[in-house]
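Order of writing sets the chain letters: A, B and C. Residues in each chain are counted from 1.
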Amino acid sequence: MRLPGKLVPEALKTLGKDSATIRYPEQSRSMPDRFRGRVAFDPDGCTGCGMCERHCAADAIVVEADGSEISWRYDESACMFCGQCGESCPTDVITMSEEYDLASSDPASFETTHTFER
Amino acid sequence: MAEETTIPIGPQHPSLKEPANFELTVEGEQITGAELSISYNHRGIEQAVRSKSYLENIYLLERICGICSHSHTTAFVRGVEQLLGLSVPDRARYVRTLVAELERLHSHLLWLGVAGHEIGFDTLWQYAWRDREAVMDSLEELTGNRVHYSINTIGGVREDIDTETIDAIRDRMAELSDRIDFYLETVPAERTVQLRCEDVGVVSKQRAQELCAVGPTARASGVQGDVRKDEPYAAYDEVDFEVITAEDGDLLARLQVRIEELAESVAIIEQVLADLPEGELKASQKPPQALLAGIESGDVLSRYEAPRGELTHFIRSDGSDTPERVHVRVPTLANWPTVVEALKGSYIADTPIVVAGIDPCISCTSRIGVAVAEDEATLADATDSGVVGVDESGTDDDPGGYTLDDLREYGIEWYEGGDTR
Amino acid sequence: MSLAVELGQSLFYVLVFPGFAFLFGYALVAEYADRKLYARLQNRVGPPAVQPFADFLKLLSKESIVPEDAEGTIFEAAPIVALAGVLTPILYVPIWSVEAVFAFQGDLIVVLFLLTIPSFALIFGGWHSRNAFGQVGTVRTLTQLFGYEIPFFLACLAPAVAAGTWSVSGIASFVGTRPLYIPVFAIGFAVALLSLQAKLERIPFDVPEAETELVTGPLVEYSGRKLALFRLTKDVELVVGAALLSALFLGGPYPAGAIADVGSTAGAVIGFGVFLVKTLAIVFVLTVLRAVLARLRIEQLVSVFYLWLVPLALIQLAVVGVVGTTEVIP
């Protein structure tokens, strides 16, 4: 006769182990170096070439040039965190940060605009 | 209770996390007939693909599925590389294989958990998902994201793997290997699991072949078929692994096949990490737009062995940097007919686990092929069976095809008439 | 003793200890123990200690809907009847001393009968909710009821036969003073534990509730206050069931009597401590059982009970008969 209960020893062994889960948000885990969170942009060094906009599949980045003034707009609610903008940027002013808890009930807070001289 | 009644399961049902509908004809607790309707969640991805460049489409197609995201990008970029005549560097091929096998591990462990949950075995679910975290952490360290790895790019991969990550993955794989042995020993041998899975949802080898089943579902019925062996891509011709099959074709066989495939995946990962060649990550250092400027027009069909079975991407290029047509056939679509087959003769209580048995990705399936109907009735049949789609590219030379506008009108009519149905 | 004092004492028994207030508190503690242990067996953190109470309060404050198609009166009365049904039997089960607060010859039958009331309340409530899932669940509850009640009664019969009494208190003191009988009842205890698990509709016998098949079966239309009462009923049933099994098979508050005089305050305290230990131990076993098994199908469940547990319970009765006639245990 085949009796049920093959998992009993394992289950009782598990009682002695630390929890595999943590109490989020009181505790949170650390992100690896390569983690792709919210896009971080540094206007210093941006040439306004628009490669980030061109390669953004989600159309989350809009770059507009008005004479020598460049406006760089980023909508994190549209962003899908693929990191292609950072890879396409010739001057490496776009990086992916570690920020991930981005939920907000204020839609305006998702928009970031940088306006600067070329 | 010998009289026949019809029970609808879905499109909203607790055991289905995504929408699909089964009309079950039952006699008492036994199912005598089943009909399936799908495509409740059409997302229009194939249409969206036509308005994006090949580069952007990698990320768009990645989002077809949250579990086999690497499968979709690999299948797509392989097709594009073929159109461009690019040969992918060795190191990139190995990294792709590594991510692909990690993805298979996480997908199969996820399934093991879901299967446990469907038969009320929540502890198995929690254990499998806990162990899956080792794989998710590896993927996150390696690629930067747990779900959408975005590691593929046209002509190679975007991120390199360093020795630290290699060591971390090796350690985790060693631990996971023990866990897989544990699952192999205990889960199929657990009496209550046997009671729920043995001789349930049986699909014979012949029926599996006739219904064109793919992946673990087909292999559990004894059908030898694995794109990794039949038409090796990435580094699969250079690694040693076995195609796992079983004979019984029931849920227990599928459970067994998937757990054994976990062990094979770990073995492949160990080989990949040991033999990782040095070298470039991308075939060309040119920026993507320059690379894509040289694309030839033509058709290409790319096959890939996703965790759920064979995935195909059909790509038609007109020489511009946006594809003219991309058609995706996901493995779940190929496996649906086996569910209908397996449901007949099962108990109502078995429905959740039989449906879960093919590891369905229901919304991934919702884009469906091309049906060129001669008349309204045929199209209606096709709609009922879920096989309907848009053949826009063919409308000019094939007047029988439906344009997008035709279908839209048809759709409105169909839903307006829905009340009287 | 005057009538007023006696009445006051009875009211105290019914409403405070060991009746409503105590059971309410202890049921929530048992639910916490059950959930925490279940989580720990699965390597999770588990809920904080106040979670069962917080859940109860939350449900109380939520809207309690009566579906349009439901038979309002029956639908609304079911949870109250169920709760009343499980609160009463504790008065006949010994807790801190040999005697239960109310004990008479034949109270075992009353306890067993009262413990079936929540199942019937669930059947009536679920059926009259007129929900398809609820009705399928109800049919399964009913089928399951016929599966587990017979082995449960047969298993409880064994100690009664051995003790020669139909009073729970009498059986507890018989088994308690003759601890050698405890291993004799091993089979019956196992059968009773499994039957209790089925009575409580817990994995592997949670067929009527089957979350992935029927959402929660008969409970599917219940919400707010009425759902809170049904959930409390399940918790109380767990505690009362554990208390009953502890009294029948493990000798209730014994061996408290060996340490201090049973009638004294110290004896009562020790007896109460023993009661807590034994009932929590039973809850522990039931929780482990829930963690390591998969859910059966209804026809598998019925065959497990009829083909395995009923014969086992009969064997137990035979064993008790042999032990009784040969008088191997003094």
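Keep this in mind: a contact is a pair of C-beta atoms (placed from the backbone, for glycine too) under 8 Å apart; a residue touches a chain by one contact, two chains touch by 3 or more.
For clarity, every value in this text was computed on a predicted model and none was experimentally measured.
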Quiz item: Given which chains touch which, is the overall layout a line, a ring, a star, complete, or other?
Solution: complete
Quiz item: Among all chains, which one's averaged Cα position is nearest the averaged Cα position of every protein chain shown?
Solution: B
Practice problem: Could you tell me the distance, in whole angstrom, between the mean C-alpha positions of chain A and chain C? | Solution: 51
Self-check item: CA centroid of chain B to CA centroid of chain C, Å
Solution: 46
Practice problem: Take the average of all CA coordinates in chain A, do the same for chain B, and state the distance between these two points in whole angstrom. | Solution: 26
Quiz item: In chain A, which residues are in touch with two or more of the other chains?
Solution: 4-7, 11, 14, 20
Quiz item: At which residue positions does chain C touch at least two other chains?
Solution: 41-44, 204, 291-293
Quiz prompt | Shared interface positions of chain B, touching two or more other chains | solution = 123-124, 127, 130, 190, 192
Quiz item: Which part of chain B faces chain C closely enough to touch in the complex?
Solution: 14-15, 29, 116-124, 126-127, 130, 190, 192-193, 195-196, 347-352
Exercise. Flag every residue of chain C that touches chain A in the complex, lowest number first.
Key: 37, 40-46, 204, 288, 291-293
Practice problem: Under the touch definition given earlier, write down the residues of chain C that touch chain B in their complex. | Solution: 41-44, 203-204, 206-207, 210-215, 291-300
Self-check item: List of chain A residues in touch with chain C within their complex
Solution: 4-8, 11-12, 14-15, 17, 19-23
Quiz item: Hey, which residues of chain B end up touching chain A in the complex?
Solution: 52-53, 55-60, 62-63, 123-124, 127, 130, 133, 137, 140-145, 148, 150, 153, 158-159, 182, 186-187, 189-192, 194, 287-289
